[in-house]
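So, here's a batch of structures to check.
Shared between the two complexes below is subunit A, which has subunit B as its partner in the first and subunit C in the second.
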Partner chain A sequence: MENRWIAYLIPPFIVTLLLVAGSQFVFIQNSFYQDLGLGRTGTDLTLVNYLKFFTDTFYLKTFWITIKVSAIAALLTLFLGFPIAYVVARMKSKLAMFLLAGIVVSTFVTIVIKVFGLIIIFSADGVINKTLLNLGLIERAYSIIGTQEGVVIGLMHFTIGFSVLLLYSVVVTVPPSLEYAAQIHGASRLRVYQRVIIPLCAPGFVVGGLMIFNMCMGAFTSAALLGGGRVLTLPVLVQRTVMMEVKYSTAASIAFVLLVSVILINLFSLIAIRRLRSARLVVA
Partner chain B sequence: MKKYKKSLASLGLAFGFAFGFSSMAVAGQFDGVTLKVATWGGSWKANMEKIIVPKFEALGGKIEFVTGSPAANFAKLVAGRGRAPFDVMEVLDAQVGDFAQVDYLQPINLDLIPNKVNLQPFQYNETYVGSWNTQETICYNTEKFAELGLAAPKTYADLAAPALQDKVSLPDINSGAGLANFGGVIYAAGGDEKNIQPGLDLMKKINATKFWTRGGETKTQFESGDIYAAVVHAGWCTRAARAGSPVMTVHPEIKPGVKGLAKEGWLGIMKSSENVEAAHWFINEYLTTDFQYEYAINSGVFPLNQDAIEKMKTDEINAKLMELDPGAISSMLRLDYSKVDKTAWIDGWNKTLTTN
Partner chain C sequence: MQTWTEKVILFVWCGFSYVFLLSPMVVVMGASLHGGEFSAAIKFPPDEPSFQWYSKIPTEQFEALALSLLVAAVATFIAALIAIPAALGLVRSNFKLKFAITSVFRAPLQIPAIVSGIAFLQLYYLIFDTSGLMLAGTIPGMLLGHVFIATPFLFGTIVAVLQRFDHRLEEASYSLGAGRWRTLYRVTLPTIMPGIYSGGLYAFMVSFADVPMSIFLTAPGFVTYPVELFYAMENDFDPSILASSSIVIVFCLAMLLVVQKVVGLETLLRSGGGSAR
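Then we have the complex of A and B:
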């Protein structure tokens, strides 16, 4: 019976393999040939593109900035998204469904429109700068364009709706009765959070955090528009390498480094967390 | 009667030459032809849709646009190994060197471009026909400069004033105007195509708040007050002025005897095109006075058609913000891209000017 169901997976697997893996294979294969510019490559297999990446400080710094802004954005998004997800999950009124629908609809808005919205809000005569100037908190309008902070805000804006939906699905799996039980036994609200809700949601935080991190690592539009050509991340660099320099092999090697690094970071994170949990169980 | 018949025959022949044989436009000439044109979107495409497309449709054909920057379209060409998803393409002067290394364009039959008479002889050859040029300027907010007590800038170095820190936008090297303007800054700083360091140092000193990739971004930023000055072609400054921003252009002093910087656009026909006759027809229409003038007014480029240039003088904003004197235009700096090591320029830019 089980084998019969597995058979249904074969056609989509083949289609996916052909469309995704097939095209990726051609792209990745290209990265192992010397880039001669204008889409031309050498004939011998070589690691020269990768050597350039790992020996050039510019590429290494870009790599580091990509990881840094993605990690910060993922952590802050979780931090902001969890309270919203928790409140919506515990709501008993129909308002919860409206709020969830609102979040889903907001994820349909094109990222370009979202980013332009941010640019308008944070512009010199935008709401935020005007308010801060009127309050005397800043002397001069602050621009988020061309700063790493701006890129982090853009990435958070891109992923916040997704993170709320993801964390909502985690919170609803925690029965409210557990919270009531803890409170009946004298636990404060803070204690309930620390000892009941957060530990039970922890696996969801890890998976959600990694998923948001992955989205941020591959995000192009927010990083390109808010980076303003001053802050470069790897996806932006891939686009520039293809469009401006027409260096496909170099771009392929950068893209492959990005892909492998995301996979490795996810693997190591999961292994580290599993070990940490095992260690805690032994201590307990 | 005989004389009458002879006269009638002569008249018929004259009409034939005037409206039939000598003209390329014959009803049904392009029945079933779909010409694909690679150009920018927005006003660029809109102008073509307004002026050229109806004429082509009257001849039985259809025009489709593949919108994107010339760099994006060139990348499509390279990815397709020269099999272009379009017949005619807008090419930037900075790309001519790249096209010379690949064999993607076919020769242009200049006999099929009668409107080339509106151009200067150096504006067409057997591979390209000139389409427009732009005057790369410093566009600045006159009111903000007055508020800050700053005089009108004369050259790029004036944008490094402390009061303008974080208030200047420069073209990204990744943009269509990037190489040209970076070249202008290099020359103004005392460097040249081989010695780019003075230009990088000056760019770093200016400390732009943003490197723009689309000129339209500067117009928005002038309106929102995010920037007080930008290095951008005069067309974007005229658009900002038409939208009500208090802006003015300055043609920067580049070196003794050279004031201002020009960037040129070209049209080429793809080698893979099967609509060669229609492609020539399109290029010819691009050079008409009507189209060149409309294009210049709406998109802010500078026309090549001499009659359109004359017409430009009648527009107050153009006359104020653009250089209309032929002598001054011809003495503007035009980069020799054959001497530009694009990889070295981009490498230097990335390492010096990005926050990485």
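Then we have the complex of A and C:
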């Protein structure tokens, strides 16, 4: 019996391993050759691309901006995602499924279309600018293209649908009976949030937040379109280095730095899950 | 028992989130109907609603849409051929390195798509240097990349379904005299079908929406729809793009309705297709 199932596993495993290892190996190896520009590379293995990355303030600044906008976007996404997840999870009517359907559809639509919509909303004669101008809150039309705020909003749109579904799966694990129990014992609603809902959801928030942060770090499309070439993040820099400067090895080294950071965050969240799970068992 | 203030706060907070979430799509669909004065301008809310831009969608956009649909459908099919035996083999067998094997199958999810994009491009260049075969800018090259990003979605949902699978169903089938293949075909596959459908849907949609991977694998005249849109937005565009985007949004909505009919939204959410990411 055992061997029969392993036989099922072997062919797809070989195919996947070839695709994963093959593609990753080639670009990682390329990143260790000196970049001579125009697609040419040196012949000796060297760390010169990485030395350049970690000594050049331009690259370091890009790295820092990537982390900064990703962290802000992840926090704001959690903030906007939580109420939807909580309300839908506690809803008893059919409306809940309808509300979730809206979220699921939004995750299907390509981010390019959503960014398109954002650009229309924030355009010079768009809804937001007109309202703010009429209220006298701003003096001239504000553009989100090429600003860090714009990139943050784009990243939020890239992750919010996913994060609502993720938070929803966290909130449904907290039974409403716990809330009732706390209230019967005299806790106010505020206290129920402080002592029951938030502590029980916290592990999910931490892990979910890290996953969202990771998605933002690797997000290309929204950052490229809303950054408008003025705000660069690592994924945008990778694409521009290939397409505009034709520097494959440099791009490969930037991509590898990105890959390693993302994997480190993943490992960290994996450890966090383990820790929090065992901690939660003690609480329960 | 929620208090009144709490209900109001949650309602406003939720409403704000929904407006934030859905407004770009609503605006795109609304603006696509603009037909008034300076009709080539992009305007929301639209003046004098008309469908004029829908008849002016250039053929390149339809070609790009067709390519995207083709690539997404074939990539999802191939991904299913990889993911179904992989999930069955992994959940059913018992060995020590299971965790390592699972990580390999899930790896494409951990790798940012832009990194996979440049990785596949450089892999294709290497293949070209050694064998003269150019995969970048061809259908097989594009498919390979999309299979890579689509497989983990199917793998994840099928594993999730299999872990809840009742083995007695298969035992019953064997004891009633059905052979190994008959059991697989008549019992096992039908029970994991919801996992295949919902994972397949996510895989299809991820492939259909992809920019960062495809952008490296396109060639002039060989562009997927999201990449076509991406380039259009970097340059000048006219509202016909809004019209084709609206068609795509409606298509996504239709896909959801199909899934709702076939497996039900609850199965889709429970099988963790979304959280596979």
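Here is the rule we use: the second predicted complex is superposed on the first by the 251 of 284 C-alpha atoms of A that agree within 3 Å, B and C clash if a C-alpha of one lies under 4 Å from a C-alpha of the other, contacts with A are read in each partner's own complex, and residues count from 1 in each chain.
FYI, a contact is a pair of C-beta atoms (placed from the backbone, for glycine too) under 8 Å apart; a residue touches a chain by one contact, two chains touch by 3 or more.
It should be emphasised that the depicted structure is a prediction, and the values quoted were computed from it without experimental measurement.
K.L.:
Quick check for you: in the superposed arrangement, does A:126 touch first (subunit B), second (subunit C), both or neither?
P.N.:
In the superposition, A:126 contacts both subunit B and subunit C.
K.L.:
Considering only the touch criterion stated at the top, classify A:7 as touching first (subunit B), second (subunit C), both, or neither.
P.N.:
second
K.L.:
A:106 contacts which: subunit B (first), subunit C (second), both, neither?
P.N.:
second
K.L.:
On the A-aligned overlay, A:65 touches which partner chain: subunit B = first, subunit C = second, or both, or neither?
P.N.:
First partner only.
K.L.:
First (subunit B), second (subunit C), both or neither: which does A:117 touch?
P.N.:
second
K.L.:
A:248 contacts which: subunit B (first), subunit C (second), both, neither?
P.N.:
After superposition on chain A, A:248 lies in contact with both partners, subunit B and subunit C.
K.L.:
Counting residues of subunit A in contact, which comes out ahead: subunit B or subunit C?
P.N.:
C
K.L.:
Which residues would you name on subunit A as touching subunit B in one complex and subunit C in the other?
P.N.:
Residues 120, 123, 125-126, 224, 242, 248, which sit in both footprints.
K.L.:
Write out the stretch or stretches of subunit A touching subunit B in their complex.
P.N.:
37-39, 57-58, 61-62, 65, 120, 123-126, 141, 143, 145-148, 224, 228-232, 240, 242-246, 248
K.L.:
Going by the contact rule set out above, which residues of subunit A touch subunit C in the complex?
P.N.:
2, 4-13, 15-17, 19-20, 22-24, 26-27, 30, 80-81, 83-84, 86-87, 97, 99-121, 123, 125-127, 156-157, 160-162, 164-166, 168-169, 180, 183, 189, 211, 215, 217-221, 224-225, 235, 238-239, 242, 248, 251-252, 255-256, 258-259, 262-263, 266
K.L.:
Quick one: in the complex, what on subunit C touches subunit A?
P.N.:
Residues 1-3, 6, 10, 13-14, 16-18, 20-28, 31, 42-44, 81-83, 85-86, 88-90, 92-95, 101, 104-105, 107-108, 110-123, 125-126, 144, 147-148, 151, 180, 205, 208-212, 215-216, 225-226, 229-230, 233-234, 241-242, 245, 248-249, 252-253, 255-256, 260, 265-266, 268-269, 272, 274-275, 277.
K.L.:
Can you name the residues of subunit B that touch subunit A in the complex?
P.N.:
Of all residues in subunit B, those touching subunit A are 69, 71-72, 74-75, 78-79, 81, 98, 101-102, 166, 172-174, 178, 208-213, 221, 224-226, 342-343, 346-347, 350-351, 353-356.
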